[in-house]
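After this come two complexes, each holding subunit A, first together with subunit B and then together with subunit C.
Moving on, here comes the complex of A and B:
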């Protein structure tokens, strides 16, 4: 989750998010350099005392300021496309989970081995225990084993929703009648929060996504307990 | 003068008038220039609508040469003072002679006949920025006042999770959960000594 008044990205919890962070640094640096240069030119032009009345055209500078931006765009596009294709690489998920958006909660189904399904509702503000995070906590978390490739199939049962977990670098729309696939690996154990990212009605702000990454044996214990309780 | 290419309406009219007859009768030329003098001395190079040699159809005011003060265009088309007083006329005649005989005041007077503002006057700034900044600060202050009033009289209470005790427990829980442990939140906490890293 974000800490108070945080401006930048959350720390990456998956390799893909690390790539996105580095790419963002790269693109933002280019943007800052260009903006600084433009700001300087604007200030220089506005504060100039003299006027050159005879500037008509200049082929050389026209070539430069066409070719140079093209090069800069290529320098941005190449890493961007690299990450884009990285996201879609063939991987071999250890676990497939279905995340279904409803108005206004998520439900998760683990059907690889046995039938496990449960709903994940936000804990209302008045029911929080001291220290819990308002609007982020859910009664049942999506528990997954750490350092394992996970496939999440995302869909919706009524209207559009979006399943997002910023620290994992995942945001995928939940479209009714459609299955969207997201794959990720969680690099470190922990709890990772996200919120529904597509307007879906009155309680759109109140259906968080909570992913808990635990060692494999913990995951096995948890799933056994969940199946018993069902 | 006959070697200069014609570049003003008066020149063209002169040529036109003189072409009507061989040898350019003096009266024809004088008629042409007299027609132009009706327009006034301002008509040097301008777009007067002419009727093929016998008169002026119309003159639009914006098409006439105008006076301007511009730092990048130092020589306007016309003098600033068009109709000279008697004093100014005599000064202009004195200007025909040697300039060494002109006093400083006379030189300045001649300048002011031809030009409105000097370069220094043209380029000087104004005190307008002070009004702008004052207005900005006032409006910002007023906005702050509106915000404070809203907080007191319009908004309801914040959720109970904003209470300091709750926030302390939240922070402790975030540290226990190792939220953002790499560069963000928990990375700045010294777990050994239980304090923020220096």
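Moving on, here comes the complex of A and C:
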């Protein structure tokens, strides 16, 4: 989850998010190096005491500052396209869950075997117990097995919403009448938070997404309990 | 065989059964597939993010399959594949709405 004064991304909890994180580090390093070099050159030129009035052109430097940027761009494009195609890989999900956006809560449906569906409302600030996170906790979490490919089909029952979990690298719009597919694998057990990412009315900021990844046997126990309770 | 031509192409190719097969073996194969069902598999007809048609298509296919096998007086067990897939993919509220519409006679799809 996010923490105060955070500068970078949240810790990755899925292989795709790890790739995105590393690519971002790579691209940002290139950007910082170029900006530093340009800033240095500007300062050097502005503060220089001497001038050379006879320099007209130079083929050598023209070649260098054309070819080098082209190479740098290729070094950015190749990892970028690799990740783009990685995202579109055909995977074979073990489980399908539907996440439906409402004003102002999410509902989750697990219907591969039996009809399990439940709502997930934010826990109001006054009802939080010590240690819980303000505006992020929900009464019922979306529980999934760890290290299994999961397919989430996202839609909405009223207005536009968006289902986002930054640590998994997922953000998908919830459009009424449409089913948008996202697939991911959670690499480690844990609780991962996100917030509705499309303005949807008064309580848009108060309908969080909470995903809990647990070992498979825990998941099976949880789903049996949920079906009994329903 | 006439049995083969009535099945939707997607199911046949998914089962790897485009060639001739007896009706008994086909039913057994479908039964095994149903017993081993985990979730809706990747469908090459709907490779992208928008899975709306996938849900709609399987809902229609189930009801069409059921209607045609019922009319012939045959066992509708092979149709259960489509049912499992649409149950996995379609939101329960959509299924409820379509079931109500079919009952009223206002269902927009052709079954």
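The definition used in the following text is that the second predicted complex is superposed on the first by the 213 of 230 C-alpha atoms of A that agree within 3 Å, B and C clash if a C-alpha of one lies under 4 Å from a C-alpha of the other, contacts with A are read in each partner's own complex, and residues count from 1 in each chain.
Here is the rule we go by: a contact is a pair of C-beta atoms (placed from the backbone, for glycine too) under 8 Å apart; a residue touches a chain by one contact, two chains touch by 3 or more.
Being a predicted model, the structure only gives us computed values, none of them experimental.
Look at A:79: by the touch rule set out above, it reaches neither subunit B nor subunit C. In the superposed pair of complexes, A:155 makes contact with subunit C only, with no contact to subunit B. Once chain A of one complex is fitted onto chain A of the other, the partner contacts of A:15 are absent, as it touches neither subunit B nor subunit C.
The touching residues of subunit C, counted against subunit A in their complex, run 37-42, 47-52, 54-55, 84, 87-93.
Subunit A contributes residues 1, 3, 6, 10-12, 49-51, 53, 125, 128, 130-134, 167, 188, 190-191 to its touches with subunit B in the complex.
Residues 90-96, 98, 100, 109, 111-112, 115, 117, 151, 153, 155, 157, 172, 177-182 of subunit A touch subunit C in their complex.
On the side of subunit B, the complex with subunit A involves touching residues 71-73, 123, 159-161, 165-166, 169-170, 172-174, 177-185, 187.
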